[in-house]
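Each chain carries a letter (A, B, C and D) given by its place in the written order, and its residues are counted from 1.
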Amino acid sequence: EDKGRLLVSCPDQPGIVSAVSAFLFEHGANIIESNQYTTDPEGGRFFLRIEFDCAGIREKKSSLQAAFASVAEKFDMTWSLTLASELKRVAIFVSKELHCLHELIWEWQTGNLMAEIAVVISNHEEARELVERLNIPFHYMKANKDIRAEVEKKQLELLEQYDVDVIVLARYMQILTPDFVSAHPNRIINIHHSFLPAFIGANPYKRAYERGVKLIGATSHYVTNDLDEGPIIEQDIERVDHRDNAEALKNIGRTIERSVLARAVKWHLEDRVIVHENKTIVFN
Amino acid sequence: EDKGRLLVSCPDQPGIVSAVSAFLFEHGANIIESNQYTTDPEGGRFFLRIEFDCAGIREKKSSLQAAFASVAEKFDMTWSLTLASELKRVAIFVSKELHCLHELIWEWQTGNLMAEIAVVISNHEEARELVERLNIPFHYMKANKDIRAEVEKKQLELLEQYDVDVIVLARYMQILTPDFVSAHPNRIINIHHSFLPAFIGANPYKRAYERGVKLIGATSHYVTNDLDEGPIIEQDIERVDHRDNAEALKNIGRTIERSVLARAVKWHLEDRVIVHENKTIVFN
Amino acid sequence: EDKGRLLVSCPDQPGIVSAVSAFLFEHGANIIESNQYTTDPEGGRFFLRIEFDCAGIREKKSSLQAAFASVAEKFDMTWSLTLASELKRVAIFVSKELHCLHELIWEWQTGNLMAEIAVVISNHEEARELVERLNIPFHYMKANKDIRAEVEKKQLELLEQYDVDVIVLARYMQILTPDFVSAHPNRIINIHHSFLPAFIGANPYKRAYERGVKLIGATSHYVTNDLDEGPIIEQDIERVDHRDNAEALKNIGRTIERSVLARAVKWHLEDRVIVHENKTIVFN
Amino acid sequence: EDKGRLLVSCPDQPGIVSAVSAFLFEHGANIIESNQYTTDPEGGRFFLRIEFDCAGIREKKSSLQAAFASVAEKFDMTWSLTLASELKRVAIFVSKELHCLHELIWEWQTGNLMAEIAVVISNHEEARELVERLNIPFHYMKANKDIRAEVEKKQLELLEQYDVDVIVLARYMQILTPDFVSAHPNRIINIHHSFLPAFIGANPYKRAYERGVKLIGATSHYVTNDLDEGPIIEQDIERVDHRDNAEALKNIGRTIERSVLARAVKWHLEDRVIVHENKTIVFN
């Protein structure tokens, strides 16, 4: 199809929408969906996402980009122009618990996650059968604290080899080093099994049980070097009560983890998430 | 303040956003918020709501309107340009149950409902004290099936006298005649105490109880001549269980009715609701 | 394990709990969980579900049943005593859409659905691979209006052959005849893709879209001979907006259908659902 | 009416329900509602709440209590027997923000909060008119860190004078000293405007905004000497997005604070909340 997406971020000032929409009109693009946000109409930062139809966009992409550069320069824009038909290549990291991987694959098969699943990497063998049955490459890579640097080096090579655009930690349960994280800024999506910033770190369900909360949550966020402190993309909760022990919370939580991660990945794949100062703007 | 709102609806075609945003830019208006929707990029209908800042808009309003008319004509637009500072005048119709009236007044006092409450009309006296204490005119008008035509005539006069823009039926419990409804198209907001289209008509809580539903709902909609069939603005639900009898459902439902109606009225007051073919587009 | 469940229903009168709990105490059973409900303390009907631990219950089951019969007689009880370790045998009927089947299998593998999946029956071949891979018998049986009676006869034979306790219609999309339904009263669980009683019958998502609802739902209920009118076990909803067309609603709805059906089946398997006058009492 | 409530907590062992229900039966009490929970069937702690009808309970209360003492002794029970007709006396502490007070009064007028509102105490004058109009005593008492001890002394005298059973901090915004707290263990109910344990302490909405959360919450809990660490009674959340600044969060949050606090107070008044090791068991 001929769908394109223009993402823009720049200092807010009058005339931006006018300039961008005039550009699209002049180049034969019809706006399908448009979202904008400004942190402050007076001197804030302006964000714009436009989805448009443009006949023959695949051929015209680079000429469009070249032409837009002068608009962008005038307004000091950070921008990108992507094609919906150029699917992002996803690597999924997974551990022994497969519910998030299952959901991603299910949504991908249903056509809700428009992506190429380029590779699945795991420090366990549990996912192999499911993954290889779908003809997706599966790589087992042992992982623990002691061999982290070495393993990550191999993982980075693998990601390069598979030409990966986005990394999804679908309950991978390993901490990544700053080297790894900085190699993929705002492109590593994690699911944390708590309503952040509550229960940062290990064993959130156990701690939620001990605190006696009446709701448990899950949070999908971009990974930064501060553990569980990266920009939040999506969160959701489920009601629990005094009868639910830590094991029950874990069980109930799986359903939220699945849907929260799937939504976050979907929005990222559709270029709906913009990171700004450790927060996300989600145009959904 | 200098906030304005432009609402546009027209046949979809390339160039609309470009033309409108160029117009606003040329007239010194800075877009704060923009929402758009098309029923179909190919030959559908296009809807646009833009909120903008424009210094001295109060003085410039009629010249802006005059200037926009030529843009509008080119694209065959239905449109309106309103000022946030020109508050809509609201008439609230109420019966004996005051929870919805209470909520509207509370939200109005908090500053969440930017409106003038012009008058409260009731076929009972229960609301008088609350209303008059706030120096809002209160009119008692007996109402029942037999005297409907006569009463509505007086009500319409009253609405004219108070220069009312929007009528909120906050559990008024009386059916309106086609004459009354057609005098205020898409400007009468009702709250129905069910999840429409389930339980259209009388006694929805009793019928919900008898059906054994596990969720009850409330629906706010514009009133048309088909009972409970008008365009839905907002809905919400609450969980119930087998222990809740009809009385309990009514009680639980009050909280949903309150918040659903308050949200619908708020969105209407901010020109966020557009009616299209018995459905609403809600730009919130 | 040694877990048992006692389900009781009888005319309400003083002394029932006392009699039942004395019985359990005297027979060495320790109550783990107890739920009760009365439609009316004065002359209503009383319902009780007790989950208990009783060492060696497998050997003692028939003597317990014999002993309880005299308590039951005194209070005119309808009752059953089941063992958690005696898993119910489930038949899943499915059509082309597999999301509900997927969810049931996933929850079953996770240990959340304590059951034997005895057989999967479908009028299409889509589910075969998934089912047979898990060594669950799969039977293709063509089905349509014209051959209904004949097909159902074979299906009933199959259900008998597989000694099935409960039938789950996981988006089977075929109407069952009264003969079939009456053969399994309150043991056929359906998922309907709307918030019943809204949108009974065919194409609920299309009709929801046309009505312009702001929430869509799913309902799991026991099948009776009145289409979509059987006792509701569980319902849930998801928020939608004007941008979601019928296809989008269908897509969003899948997630609710999955979780609503899985919860209903789980509760049925754990003997938590009691049908009373076309409603359910759910002790969860 | 003749409704009574029996609350029991004791080491779990077989025979408790049997003994209690036999006692009630023998004394002419008919169980209306019964809830139980055990932390562990093997050596855990057992909790029971029974609501019952007993003709002439007002006259028989002390004889019932005397008789139950021997049952209680046998099982080493902590217990209480209360009458629904003996309404708890509530003191509401409030500051300048009145939305929670408003909701409590509204629910009280509707008959959902069965209590006597004995007194309202505030360190501001905003609430006086609303409170005195309802003929509820209102006491202004200046409050700040420097005069805390002195003020609390007067407050405690006032609470004694008004014979208060439960204290509701309806956005009181002052920290209480250990002396005050220990004078009313598990009887001071607070509303904290965050989803605890996230955003303990001051300015939760501002911090939620800065963290970029996608849901905000409110938590009602019993006050202990650890700030915002007391047993949680109820929590709820509302969805927000990047457009909502700290002020908007505060605004959205008010609706959750209101309903969460009202539910927690209602459950406390109906003796549905039991505190166990810094958690609550809520029999609702």
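Convention: contacts are C-beta pairs under 8 Å (C-beta built on N, C-alpha and C of every residue); 3 or more make two chains touch, one makes a residue touch a chain.
Quick caveat, the model's predicted, so the values are computed rather than measured.
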| item | value |
| --- | --- |
| Mutual neighbours - chains that touch subunit A and subunit D alike | B, C |
| Higher-contact pair (C-beta pairs counted), B-C versus A-C | B-C |
| Distance-maximising chain from subunit D - centres being C-alpha averages | A |
| Same-residue or different-residue interface between subunit C and subunit D, half as cut-off | same |
| Mean-CA-position distance for subunit C and subunit A (Å) | 37 |
| Distance from subunit C to subunit B - Cα centre to Cα centre, in angstrom | 42 |
| Per-residue overlap in subunit D, given as positions that touch at least 2 other chains | none |
| Touch-based graph of the chains, sorted into line, ring, star, complete or other | complete |
| Subunit B to subunit D touching residues, read off their complex | 99, 102, 106, 110, 112, 251, 254-255, 259 |
| Complex contact set, residues of subunit C against subunit B | 37, 195-199, 211-215, 217, 231-237, 241-243, 278-282 |
| Residue numbers on subunit C that touch subunit D, as the complex places them | 14-15, 17-18, 21-22, 24-25, 28-34, 36, 38, 41, 53 |
